[in-house]
């Protein structure tokens, strides 16, 4: 006879606070006392600004209770003035992908997801063009074509409605060639990830590969960042580069750049979904993998 | 009146053991109870072989005592079957550099040391050739030229005597072109770091750049590893690579390789001195920096 | 009224021969005399073995004739003992992709092809498993499932027949997990490109990521090479690497390796299709892009 | 009896002009006719701006004469509107190194030079501080300490005089922490190479590592460029990068950056000395090595 027990829940706990003594011991002790078994723990201090960050993944052994843990954790929160979050890893983010006409970033996310490398769901793809509908169909994901013709406000209302209808929690801009309004980015603050096809903070704005070519840079890059009201200036999550020979044309920069863009966007989303993106003082901190 | 208190001592604690629950909490609790304030903690599990590793750096606040800590740590050692080590970071390793004729690795170590990037002393340089004596003189380090003519046994006896006379604790082979005897490597087990000018495990033995060129590889590398009785087969500490155009000659491989060799050897020694090289099952594990 | 003139033909000329004086001038003069306008020329010498290589792409202006060019080129061939080839760039290679169960390399080739980055046709996909049939269907390419059950000889006969029926000129093994017979590889000599998921010549054979993990390497790689009768020993066309943290599991090596494999296989095929892979003395030479 | 003949002279010819047909054939024909044997030839077109570039290295066989070559080359210069230069490779550039207090770039140049990797002479080191005099002495190079106290004009006059007295043809700023006047940079136009410790065009100006850290970039870089009157905006010659973990401090950025700076500056100088830096439209083009 087989008795199926429910799998034990896994939690990710993230903590940031002013750097002080004893935080690690206090946190790990509290987890242990509540019946949590730490699977991995990563911690670092940004000495330049006196910031402490910790990320622990633990398994709750019966009778572990999320509510009880939170209650016993609150004194630490107060004592150390913590910013913190506890995530039940069984609850997946629901991510909407916004695209325009180019497919390389979209394919990358869908293929990596299909391969089990992204801890999320993709309930919907939204675009200001119809071009990528066949890709959505290949992966059997609802596709919404929202025409931008009626003006930005009406357009964004429609997008917002689709996001709400599908219970979306995070938005990924996968080479989405529309500028979002400040209202929209504020509403989704730190929940929109954009891929910029340049090595920020150089080459903000339009046609970064053209800018890079005319500047004669020897290395090009791409940057995934949180979108905020300052175009291409939100906190950077992930970056990568590729060396370019001076014999390459602008068009070849664009082609070569696609490979960088897709891997940077994937990696940024992966880090975000693993709850490993801390934001402080206008920049992010990614903890080392353990 | 100024009262100078001695600076608080810093310790590095390294632990490896079979992976079990509760180790992190137990270790951090023990450190805290003894008056240790953790500065950084890094931990990881090698799930494929069920191995847990932890490295903590902490400051001992008065009346912290190394002996007392060790005593209160012993029950954990037994319970979890730990391999462990506690290092007083004020005690620097005394490293002998062995060289032959090429200077690039020697210069790298001496310059990085001069720049404060290596937590060690270099009390002596030993060589089977006289060529690099001027470099040793530039940096005011005693230089011993030991002629290999009298046979390996006599030669190694002389080297061993110099090492003992200078209280050497670690040996670095910085492009040292002599094969050490099994007796010698066993005596200095896991305390000799060698730089091999190839991407191990490919291209073991002599003239690896020649081998690589004739094989037509598109990337060359260098490998720093612990020297043991199997030539070029000891556990790997650090590796790096450089892309090579097919227009390069063997001589250009050699030149390009020098840059890879020197940075790999430096990084391996740095990791070793920071007590961040765990050896298990014939391979090393380096913990993520925190 | 529109008059459509046929576009001028482009040719790629490749030459290798013992290194001597005057070859470049002689070749470029012959091209110019025949009405060819050089678009790009790349040349290099492998001084270590006295080998000269040249690749020129030129446009034939009327009344350029391929036959006439060849005739006027023959004296040079004899004088300099050249190995040479003239390719009409309008004639695309017909490439068969052989796969087993994993899709990442297959997707890469199909998506890059769709994006216009591969100068070839993919008339057929062949597999020893049925798993990837849906991918072939997405891209509307005929898919043949050939069961290996009847023995290698019968199996390879079937594959050979499919290749012939479709006029295939080149075979790509895109993570194809069958060993080909010496007869087969000889028949398709220098026309089969394989991707090996390891950094050759280290880690030949099965489970290279397992080997790499247990060896504790700090960098993993993938290698695209011509398949010949010596498993994983044919001339290397392209290699790339990825740095691995020691906190990664074998399974994570495998995942990370996929990205390296797919870009290496794509690049190798691209270089091959651009007629930029010279083979000499058991290794390849890729000329610098111009 | 041994008769020593003088070694044959080697020349580097560089050409840039509007892209047209037949240039390669015309140039190689002219070299051959004059008794020049081409050792290597590299050519590329920047299609985006219709620019053709060529670099040939050839050996002049007796009775090759530089003057006669120039005369027979002039018709091509006029026909194709060429910018061109013919260098006798036996004539070495005389390079002055300007430094301030940090030694890593200075050491790099001196050690690579000692190793035979730089085709130049270093007749003099000039500094606004006395700190690096011992390094100059180690390598037996005259060292001039010019105090900046008397104002920029007087200061630069003194520097200029030293440069003239030593027959200097090129100036390298090896982490030289003074801003040069527009008069000075104009006088030495395209003959001053500076290393900027940031990935230009991001992070111009002071403290680029501080800027980079506060921006939270995941990759840092260094850039060698021609110095002109726009601080840190001259044409880029060479760039490289290093990945940075978010656990690094600003001070560690600085340390890590040193390795990038030194190799970028060395490589830029090497390319410059090999006459492989073409400047056009405010950017540089480096031809592929052949």
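Note that the chains take the letters A, B, C and D in the order they are written out, and that residue 1 is the start of every chain.
Throughout what follows, a residue touches a chain if its C-beta (ideal position, glycine included) is under 8 Å from a C-beta of that chain, and two chains touch if they have at least 3 such contacts.
Since the model is a prediction, treat every value here as computed from it, not as a measurement.
Asker: Per the definition at the top, count C-beta pairs in contact and tell me whether B-D or C-D has more.
Answerer: Of B-D and C-D, it is C-D that has more C-beta pairs in contact.
Asker: On a CA-centroid basis, which chain has its centre farthest from chain C's?
Answerer: B
Asker: Between chain B and chain C, what distance separates the C-alpha centroids? Give it in angstrom.
Answerer: 42
Asker: If you average the CA atoms of chain C and of chain D, how many Å lie between those two points?
Answerer: 37
Asker: Of all residues in chain D, which are in touch with two or more distinct other chains?
Answerer: Within chain D, residues 44, 245, 247, 288-290 contact more than one other chain.
Asker: State the interface residues of chain C toward chain B in the complex, per the touch definition above.
Answerer: Residues in contact with chain B: 44, 46-48, 199-203, 213-219, 221, 235-236, 238-241, 245-247, 249-250, 281-288.
Asker: Which positions of chain C touch chain D when the two form their complex?
Answerer: 21-22, 24-25, 28-29, 31-32, 37-45, 288-290
Asker: Note which residues of chain A are touching chain C in the complex, please.
Answerer: My answer: residues 103-104, 107, 111, 115, 117, 138, 245, 247-248, 255, 258-259, 263, 288-290.
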